[in-house]
Structures are given as C-alpha cells and as structure tokens.
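Each chain gets a letter, A, B and C, in the order it is written, and its residues are counted from 1.
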C-alpha cells in the first residue's frame, strides 16, 4: 500500500510543517533525512495520525486517514517509537501481543491465534527465545527489535519507524537496517523511517526524502536526486560524495 | 505459566469464597457451619429452620450475610478499581480514590448528615458528589496538553477542594451531627441494611465485572498515550469507560460503607509481586485477593473484641501499610 | 503523595474524632493547675474546675457568659438568668426548652459557634465577670482566659448524677445563690434517693438488662448513664471499654446486641422526631431483632438521653420515668406528664413544661404501648 501526502499542514508553536504532494511507494524502503528540527518526527507522527490531521490531506492507499477509526488505521499503518518507557515490566511476549489490539474487541482477551501471530513476529526479528523475559531485561538494541515485532504483529502494510538506529553500535545498526530492508523486500511492506545517518540511508533505502524547515526539499531514489549541491542546501555544510567499491559514501 | 503459579492462582481465586463461608460462622455468637448452611437455605426451604436457635436466623441472614457480601464485593471492587487506574495512569502507586472520589463522597455525606438529614440520605448524597468530583476532574484535565499527568494532578486539587468544603460543613455542624459524620468517614461495613445494599451491590458487581472483562485492554492502555493510539486504541473513549466503571464501583462502595483505604493500592501490588504485571492475571486475581482481604479485615474489626468495634478502614490501613513495607523489602523482583 | 492523601482521609477524622469523643463527655485527667486568673480587684473565691484548674472568681458576679449548655440551664435554675450576657450556639438553635425557660433569650448574643469556636471579640465586649465553658480541651479554655483576662470555669457532669448535683452547688457558690442551690440539690437528691430506697432490695440478678441506642446510631451506646443505673437497670455496655480510656461511649457490633438479648432497649429520644435516625418503630420492625426479648415484649422505648450536655430537671424526670418503666409494680403511680410539669416548675418556674416538651419530642406518646 502506498502513501500519498496530498497537502499536510501542522502548526505547533513556532514550528510549521507543510508537505505537499509527496508519494511514498509501496513495498519500498523510504528514508526521511534532514537536519535537526526539520520536522521528520512530526511528519512521521502525522502520517500515523498521532497528531491531528485534517481531512483530504493524507491518504493510505485510497483511504483518507482522517476518516479512518483508530482500529482501521492501526490495521493499515504501524508505528515504532524510538523508545518505550513504562512503569510496568511486561514479558516480551505480552508486549508484542499488544500489537493485536486493533483486532481484539474491547471486552475480549487475545485468542490462541493472536498469540501465534505475536510469537511469529518475535521469531522474525530473531528473539523468539526471549518470549518470557521481562522487557526491561533486554539490551536497548533487543528492545528496539521487540518494538518492531509488536508493530509486525499489527499485520499492517505500512510500517513507520522513528530513528530506529539511534544509540545502536555499527553491528546492530546494520542488522536492523537489513531487517527493515527484508521487510520491504520479502514481506512487501511499505517501510518508512527517519534516519540521522545519511550513509545508512544512501546504502539501504530505495527512496530518500530530504526535509528542511518543515518542508520537503527533495524526494526520490538516491541515484536520481543525490548530489552535493542538494546536500549542501539541506545541511548547510559542504559535503562530498565519494564512490568506493561501487558504493557511495558521504563525507563532510 | 508454571504448575506452581497455576496452583497459586487457583488458590487465590478460591480464597475469598472459603473465608466468606467460614466468616459466616465467626462472630460474637459462635454458630457452627451446619447451622449457617441451614440458615442460608431457610428462605428457600422453610423446613430448614427447625432446630435452629432463635437468634441464628437474625444473625446469619440479617447481620452477617449482608456484611460479608458487602465485604466481598467492596474488596473486589476497590482492588480492581485500583488496578485499573494504576494501568490507566501508568503508575502503580495510584490508589482508587485518586480522582477525588473519597473527598467528594465525604462532602456529600456531610451535606446529608449535617444539613439535609432524612430528605437526602447520606448514601445518595455521597454517591452523587463522588461522581461530581470525578466529572470535574475529567472536565478540567481534558483541557490540558498532557492528559495523564494532569488527571492525577487535577484529582489531587479537586480532592483538596472538596476537603475544604467538608471542613466548612463540619464547622457549622452540631456536635451530634459531627459525631455521626466522623463515624461515617472511618468506614464501617456493618451499617448498610439490605435496602441500601440492593442498589449498591449490583452497581459494584457490574462495574467490577466490566473492568475484569477489560483486563487485557488495560495492558494496552498502560502504554504511553502515543503508543496506545498507534496500536489502534480509541484512547479518549476507552479511558473514559475505565474511569466510569472504576468511579461507579468506588462510589458505590464509599456511599454505603464510608472510606476504606489501602485496598486498591496494596492488593494489586501484592498480586503483581506474585503473578507479574500482565493485567489478564492482575485484574481478576486482585478481585479475588481483595475480596478475601477485606473479609478478613472485617472479621478482625468485628471479632477482635466482643463489645466494641473498630472501623474497618482503620484496620485496612494498620494491616496494609506495614505488610506492604515488609513485602517491598523482601521482594527482589518488583514488577515496576 | 497520593498514598498519603488517602492515609490522611483516614487519620484525620480518626484523630479529630478521638479528640471530640474524649473531650465531649470525658473529664480529661487533672493536670498541673494553671496560675489563678486575674479576676479583678476583689477576688473572693477560688474554685477548682473539672480540668483541675484553680480559678479565682470575683465576689460579685453580675454578668455571666456561658458557652456550656448544661451550666446555662443551671444558672437559669438558680435564678440568675437575668445576669446571663451571652450564650452558645446550641442553646439558641438546638435546645427544646430554652426559649420557654428564658423567654427573653432572643436578645442574648451568641458567643460561640461550635464547641471550640469562640468569638473572643464578642465575648470581651460583653464584659462578663465569669465565663463557663466545657472541659473540652484544656488549651482552649486556657487560651480564652489568657486572652480575655476573664476567669473561665470548665465544668461538665458527663453522665454522673452526683457530680451534677455538686456542680449545681459549685455554681451556686460562685453566683452567691447558695440557698437556692441547696434547695434544688435537696429536691434533686431527694427524688433520686426515693427511687434508690424503693429499689434497695432488688438483687443484682433481677435487674433488667438495658441496652441504649444513643447518638442517632443503633450501635453507639454510652458506657455510663446514671439515670439507668439509679433506676435499677443494668447497662449492658458498662464494661464495654477499658476504664482507663475514659470514653463516654462505644460502638458495639449489632451481633453483640443480639447476643446480649437485653430486657429493655432505650432509644435516644431528645432528637426531634423528624431527625431521628433510630426509632422505636424501626427497631420493632427490624428483622434482625425479631428474636429479642425486648422486641417481643415491646419493651423498646424512647428516653431522653444527653442533649447538649445535660438538663438537671430532665435527669430527675428521666430517672423516675425509667424506674417506672423497669419496675412498674413498684412505681405504679408514676405519671410522666404530671411529674414533668412539677419538676420544670420547681427548677425553672415554668408552667406546662410537659406540653411544651411534647410539642418538640412527642414524649406524650412514650408511655403508651
């Protein structure tokens, strides 16, 4: 399922977000990059309707997101926050199970099928063996994977991740990016994430969206849009694009 | 779940029923269990009355049965309310009165006892103002940016406001009315007769049942607001439902039995220490443990000395707090 | 912090209740006597009040403020009603007979609201020579005396008839009305003495066992109530609380009442009928009590009980009424209406006391079955 940002506005105190006519292709990995304060996280939250969105501004597939109920929306798009802090130390499995909330009626408890789906999601991220462990006993990288598993349990076509690689060491960073790439390729999910690390974006993403000051500066496949002039205009410092062994590297 | 946990779970569920029946035979007058059962069956099978000492029917059906039923449902209800509000406010240190219910109810009772008397019974007035307090809390906290923090804060402020109103009423009260009010405030499960209970018990049962049905949902609601919304929860509506049910239960208890504290805070905590934080277990087990706990506390309150009776609210505090401190210190795994 | 909020809701009323209970009807233990008050240039009398304080009282007491209802009534009975300069709130709003025994009472300023809430400015402006207060809280009494420089005497009988008579004599001494005090005390003690005499030979085992439902609650009962004791009844709650606590009343379990199976149940009748939480009718119809002797023989009656402390006239009347209730064969001629009129005439010069009291309390219905 693709995403179409027709005309999105969001105003918050001194900050304004305005994005028009942005398409996120389905079954692709799209990275949103830009300097701090560009509005990446705000855009992400609007895409998930976590911030109020006006009618006729944002479409998931053909559906206007503002017209969807919370449940319907959660079945179409899943959100992976950067972090999760909680007063309660749930077992990992119970945590992931919460991803089924959009499918379980208010007065019911999860069925065996729901538990199966949760365990499958855990297995996909490689943490099946941790099912009974308390969430906070896991390392931060593993916790990140659990959050992704929860989002997978939602069985949505679109997956949105907010800075999933922050605080991860290079090895785990790479593993995580491989994982989300597989989600796009194998599971045909539309994966959208924000990244600080431009190299990662360039290496793994099918499409990159450059944001600055609450707007989109450029969007498209790296081959099509990436050049030094663009980088300088977005980040306001001189950068060079180097090629080595067939790969691109951004050097400041 | 391990075998041991499963067994423990069943023990907890059976616990309140066992103490309920045993407590029916305990009291100032010792009544053997056999006579207790005969008395219980006698409204349906009048033949059972034969051979029973005369005062047994009055004691079992008129004194102990309503009291124990109230203890059972009040204990279950307060515990489940506490657990639910803890999940909702993502804070295990929250108690069932946090939305201003106890202060509102106290003020309502004071209005009735001191000013209106017969024309406006304390139960009705207490219930009404408990609900009013919660409505005010909800109305005020809706307007702010950060819903959960302001819910708690507004609860504290509204509680303080009603406490001040209570003090005002107390100031104008005659010493006789004042006495009545203070006894009401301390909590006593022995006052309400079948009349008052016929209304409040169904309210308690309904609210408690509703909260127990929502037990899994509370896991989701205990996530941050953002996450819960992302997971597909209609946050405003579901929080409101939980608050309404918890308010219904707690107000129903407070309006007939006064203020009985330390149940909704301690019991869910104990359950979490035993069974983990998953609300699918915490909520129903809290109901069971809470029911048994309040029955036992009430047994102590009425059985400790034959000729005087210490209000049960004092007991739940005196038992609950030290026990809690003990458990906190012994427990290595605190599911926080 | 939230846990403390709920703790506060429990502790606060418990603590304040302990104060009120302990103070309302209990003489606190005598403590160090405070230094005598400055009572004017000619201190004539030194008295010891119920708080153990030694108070110097002026020779000529012309203006009296009493915020203790019991003492106010005694002052009127002693004939010094005209010297009353100020009263307390309960006398104005809650008393049944004050406006009859003191027809001019509407002009008297109210000096105190609740027990411990005295308007010191009003008090001082009235320039009383003496203030009568209750031994509710020592600090309050001492504060009043300290701030107003007027001697405060704290007295209350707390259910003890003999103490009430002594109180009358003490107030009589203070007001220079000893003769009248002696007259009334003799009348009072004489009346009680006659009852005691007629019951001299009753064995302890033959005394009716009495349960009192007081203070508008089925389960609240006084530990000490002389009218019942003098009238030859056995107060079942007498040993209910350890003596050392000095409490006036206790709360018993409903089961305990059933277990006791009293011969007579008395209901606090000084409450206005519209305000009675507990009624004779209610008890007779209560299914829990169906098995009780008192219910079956319909020996469930109203009695006066405390009402803003005590009324000496009422105490005598009540004792005679109860004696006739407990031992009808020994007091066959008792007539509540006639005795009420006689006693109130003696104490307060009031005519038709019974009619007036019945208008409020419907006590004319008490002696009918």
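The rule is short, and it goes like this: a residue touches a chain if its C-beta (ideal position, glycine included) is under 8 Å from a C-beta of that chain, and two chains touch if they have at least 3 such contacts.
What you are looking at is a predicted structure, and each value in this text was computed from that prediction instead of being measured.
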Practice task
Once you've mapped the touching chain pairs, tell me: line, ring, star, complete or other?
Solution key: line
Fill in the blank from the handout: Ranking chains by how close their C-alpha centroid sits to the total C-alpha centroid puts first chain B
Handout entry: Of all other chains, the one whose Cα centre sits farthest from chain C
Key = A
Practice task
Using mean C-alpha positions as chain centres, tell me how far chain B is from chain C in Å, no decimals.
Solution key: 39
Fill in the blank from the handout: chain A to chain C, mean C-alpha position gap in Å, rounds to 79
Handout entry: Chain centre separation in whole Å, for chain B relative to chain A (CA means)
Key = 44
Exercise for the section: Could you please specify the touching residues of chain A with respect to chain B in the complex? Expected result: 45, 48-50, 69-71, 73-75, 78-79, 81, 84-91, 94, 97-99, 101-102, 104, 106-110, 134, 150, 154
Handout entry: chain B residues within the chain C interface of the complex
Key = 27-29, 54-55, 57-59, 61-64, 93-95, 97-98, 102-103, 106, 117-118, 152, 156, 159, 171-176, 178-180, 182-183, 185-187, 190, 259, 261-262, 265, 302, 306-309, 313-314, 317, 321
Handout entry: Touch list for chain B against partner chain A, complex
Key = 87, 90-92, 210, 213-217, 219-220, 222-224, 226-235, 238, 241, 276-278, 280, 335-336
Practice task
Spell out the residues on chain C that touch chain B in their complex, using ranges where they run on.
Solution key: 1-3, 5-7, 9-11, 13-14, 16-17, 20-21, 24, 90, 93-94, 113-115, 117, 215-217, 219-220, 237, 239-241, 250-256, 258-259, 261, 271, 274-275, 277, 286-292, 308
